[in-house]
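This structure is in structure tokens; I'll ask about it shortly.
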Amino acid sequence: MNSFGRNFRVSIYGESHGTGAGILIDGCPPGIPLTAEDFSEDLGRRRSGKKGTTPRIEADEPHIMNGVFNGYTTGAPIHIQFYNTNTRSRDYARFINTPRPGHADFVAHQKYNGFEDPRGGGHFSGRITLGIVAAGVIAKKILGETKVIAELVEVAGSKDIEKVIEEIADSGDSVGGIVECRVVNVPIGLGEPFFDSTESMISHMVFAIPATKGIEFGSGFDAAKMKGSEHNDCFIDKAGTTKTNHAGGINGGITNGNEIFFRVGVKPTSSISLKQDTYNMSEDKMDELIVEGRHDACIALRMPVVLEAGTAIVLADLKLTAQKR
Amino acid sequence: MNSFGRNFRVSIYGESHGTGAGILIDGCPPGIPLTAEDFSEDLGRRRSGKKGTTPRIEADEPHIMNGVFNGYTTGAPIHIQFYNTNTRSRDYARFINTPRPGHADFVAHQKYNGFEDPRGGGHFSGRITLGIVAAGVIAKKILGETKVIAELVEVAGSKDIEKVIEEIADSGDSVGGIVECRVVNVPIGLGEPFFDSTESMISHMVFAIPATKGIEFGSGFDAAKMKGSEHNDCFIDKAGTTKTNHAGGINGGITNGNEIFFRVGVKPTSSISLKQDTYNMSEDKMDELIVEGRHDACIALRMPVVLEAGTAIVLADLKLTAQKR
Amino acid sequence: MNSFGRNFRVSIYGESHGTGAGILIDGCPPGIPLTAEDFSEDLGRRRSGKKGTTPRIEADEPHIMNGVFNGYTTGAPIHIQFYNTNTRSRDYARFINTPRPGHADFVAHQKYNGFEDPRGGGHFSGRITLGIVAAGVIAKKILGETKVIAELVEVAGSKDIEKVIEEIADSGDSVGGIVECRVVNVPIGLGEPFFDSTESMISHMVFAIPATKGIEFGSGFDAAKMKGSEHNDCFIDKAGTTKTNHAGGINGGITNGNEIFFRVGVKPTSSISLKQDTYNMSEDKMDELIVEGRHDACIALRMPVVLEAGTAIVLADLKLTAQKR
Amino acid sequence: MNSFGRNFRVSIYGESHGTGAGILIDGCPPGIPLTAEDFSEDLGRRRSGKKGTTPRIEADEPHIMNGVFNGYTTGAPIHIQFYNTNTRSRDYARFINTPRPGHADFVAHQKYNGFEDPRGGGHFSGRITLGIVAAGVIAKKILGETKVIAELVEVAGSKDIEKVIEEIADSGDSVGGIVECRVVNVPIGLGEPFFDSTESMISHMVFAIPATKGIEFGSGFDAAKMKGSEHNDCFIDKAGTTKTNHAGGINGGITNGNEIFFRVGVKPTSSISLKQDTYNMSEDKMDELIVEGRHDACIALRMPVVLEAGTAIVLADLKLTAQKR
């Protein structure tokens, strides 16, 4: 349920306003060098504080609690924990009665019979992605020369990203965006036909990241408009290099050694400062709602590093699994 | 690897030109009426023979081998088997040396060290989806009033579907298309936050279906161009009905009771009758290739019923899992 | 539910009196030579027909349906199927009302709400172990020089095995026995601490074999009477060889390179020809029952080969999992 | 690897001398009342300090980090953490070179290529069972009226338990023992035939508890000496009550509503204060070893509460799995 992976297996936990959040990583090979500093860059990329991300500044300090000894992974489960330090919970209780549009308030209250932690979205918080980023740092080490690079390429349909976000942040509204991800130096043979196809595993992970609305590999939705004679990627050497890469580096679910390429559509942040309509569940009538507090004007800004991490986790798992045949 | 699901678990097997293919279904509740006739409609929808699908006509007769007694499921594993009857294997051996663009010939040969069954694509064959369609029939029964409906809405960018396919079939080329899927009468509360989100599970399954290139839920990639104030779905009653459905019926990974809606981009069939360039692996030089045999001009034509089946399998699993809390 | 294993994964199906039974094997490496003849020896050892086993002679012919091409495993799921040919179903329907002591009649009827296949025990039949034996043949090939040898060492508390069984068979009663299993040439490092300990995995599998009542590793229950100074196995070389083997070849859940040794207690066959008391569920009173038909006087006779197979499946999975971690 | 369960899933982590240990519990239903005090009794039963257990006194204070809000489980992953406070690590480094008999020193060093945490046994420490006991407290709540009761019934072959342990503790040696476990008010229908049989799941868990050497259900190994006419449990009412309980409450892997009964053989603590022989790996010759520090003279003393917890975890998982199938 909150776990993912066969041989490199991650399990997440945590809440936005409780004691903290973290991740358990099982199946990591022993002997990988790992210190708290290794997480700095990627956690920094995820952190808020830039224009367009929420002014809630968390220390986001990773605590390597278990599974590392003398600076190396031991082969035992790795546990990385983050404490919550800067929370203001007064804002959230009323969202049970007047659920925020676009949020999980309504479904959580139904699914968990009213026992959900409503503070800051509780377990649904984007803060849980801290653990994913941390596990991604380790997964990237397992991948070695195979590198995952994600980039925000478009916001609100525009490539003039900073300008758009500045405007939207000032307006109290939010915007969506598109993130592209490519993986280079991919070994041939990762993934399985059908259920454990590389696309299946990556998309499974990517839709676990809040705000994801769509994913497409290689030519993606454009393939629907193409002819087979255009779309088929012609092999041009013994190594399997192809002239084009409409396949996005994957044939029959299995990596073909070319660059893995996919794009992800990210919705605008659901929390906005503008007044919104919603339903008042106790008074049984329409109502209005202002979501005070600190919001990301463009959650897609934080997406690239989370996407890299999730993709690295998937590929590390597929790599370890492929080695077991 | 070839299995999917937690409490309603399917395992597929089979090859295009071997003895046959099938599916094992574990966790199906006892007492569901089931006869071979129940499969006729959906298997018929999947079957070839229409313009645009391959003229290879298979009997596609489902054999309920196990798990059904006196017309009802028993609670033991259900095994449904299909025999191959109409195969012509002579066409395929040379594709090891000159791999077909867009196919798994090259990666299979690498991944399985040359031991793969190359006949008709072996285990990579679209014929394996027979089992998925069969399991979907059972999953649909578990879903009861929750109905899954998929439809091909676009081919080669055009809504004039039959006309386009007729032209392309005559030309020896192929085309892609877009399939839309909606699920109605969805209970609130299916799916889990993060890794087992409804979108994660559905997309995992959908990318297991050969030829899938992209998936988007609700507003999908268009969300990337929207503002939060436009995108957020306003609740309009106590049941959680929303005015718009940009969420595609899912918040925080959990179904909200509104229609589940997603779109799938399907690539053009990789097998075409036109001459193609490829690499000759033994002579280490570029070569030409004609893929004789029987091809679908538009594999997207067969997609709707497979997509319905896959989606039903996912939702049946989520439904049984949700009941276990 | 009916599956076992992480990287070498088996899924069983079948009924005693339906069309047949079989097993699906996923994760088997490609390139392992495999023909129907490879199964002859172990299936022969499992087969009935000897004094003390049921006179129901089944052909027990293994059909390699999928996953093997030109005599080698392909890396795709291997499917091995057995057809039922010699069934007499008239005997079984009444056991729903007057459940056989020691059998699953009563629990199956409750658990599956009356929809279970009652013929010959349905899915609870020992016939399902055919698939386990078949998968064991493949697992043994994966294990290479690591050999699993099981032996019936005691029947009804006596080592004079044939004599005891002959007597009991003539009397219409049945007897239990003890089977010992040893594994030689075991690599160091299989298994994991805690949940996936070698003992956990083996015992999980062994209790899946009908009639198993107990299992003990190394010194087993005798360890409860020993002192630490006696029980501790002293290392006597750099390879980890120990002077004694009270550990049964496993420390902290992980194989230490010494022989794996365990013993299994097997109950007497539940089906006997003698008149037995049971409860009549419809008349709500005590009743008498004679179970006609063909019975094993000592099911433990068939146990060694099934135990070897189950153990080999576990060790093959642990071996593939441990590889290159 | 370090996880167990399908619908009630526990994941353990931790080391003896690192920051601490803990457990993640996924799939727990929402709305179960839970406070730190609920753990006191069972953690107290597990704690050392009694004659025969190590004088290392740990606070063993459970920290409910996640998944509980306002005193109730929320449905999100529950995380319970224990900090290590009283560790003396100087004793352990040399055990890599002269591995302690009966311990995992040797296998851990081999399996993890020398990167294992050797302090206090690292991840192999019995201290990891803290998490199992904590999860057991929650599992017991899920089980409701179904009660698990384990008891130490024999030490060193004697029922005069305290006297034996006092003597052995004074001698610096250790002893094994036998623990009996019974479960009352068991619903009919838990467990599955074959791989997920109730015995398979319980034994899987029980062998995950350090020092377990054997397990037997109902008549256990004695069944090997019995006749079918003696062993078969006669049904005596419509509810499935049986006159005897040789089956240990389980038929065909499925609970029959009678008491579940099993016995566990526990080896003597491997750590003893007496001088022992072992092999010196760097000097390549036999050597002597004294394991200073604090030891349990009889680890079986702590076993009952861990066994109860493990069994409750298994049965909670089977209960949630069986629900509404």
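When the chains are written out, they are named A, B, C and D in that same order, and each has its own residue count from 1.
Methods note: a contact is a pair of C-beta atoms (placed from the backbone, for glycine too) under 8 Å apart; a residue touches a chain by one contact, two chains touch by 3 or more.
On a predicted model such as this, the values are computed, not experimentally measured, just so you know.
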| item | value |
| --- | --- |
| Farthest chain (mean CA position) relative to subunit A | C |
| Which of A-D and A-C has more C-beta contact pairs | A-D |
| CA centroid of subunit A to CA centroid of subunit D, Å | 37 |
| Approximate Å spacing (C-alpha centroids) for the pair subunit C, subunit D | 25 |
| Whole-Å gap separating subunit A and subunit C, where each centre is the average of the chain's CA atoms | 44 |
| Subunit B residues counted as touching two or more neighbouring chains | 1-3, 12, 27, 30, 75-76, 111, 123, 193 |
| Complex interface listing, subunit B residues touching subunit C | 1-3, 9, 11-15, 18-22, 24, 26-27, 30-31, 63, 65-67, 69, 72-79, 111-117, 119, 122-123 |
| Residue ranges of subunit C touching subunit D (in the complex, touch as defined) | 1-4, 12, 99-104, 106-108, 110-111, 121, 123-124, 128, 154-157, 168, 173-178, 188-189, 192-197, 199-201, 203-208, 210, 212-238, 240, 242, 246-248, 251-256, 265-272, 274, 276-279, 281, 284, 286, 300, 322 |
| Subunit C partner contacts - residues on subunit A that touch it in the complex | 6-7, 27, 29-30, 75-76, 193, 320-321, 323-325 |
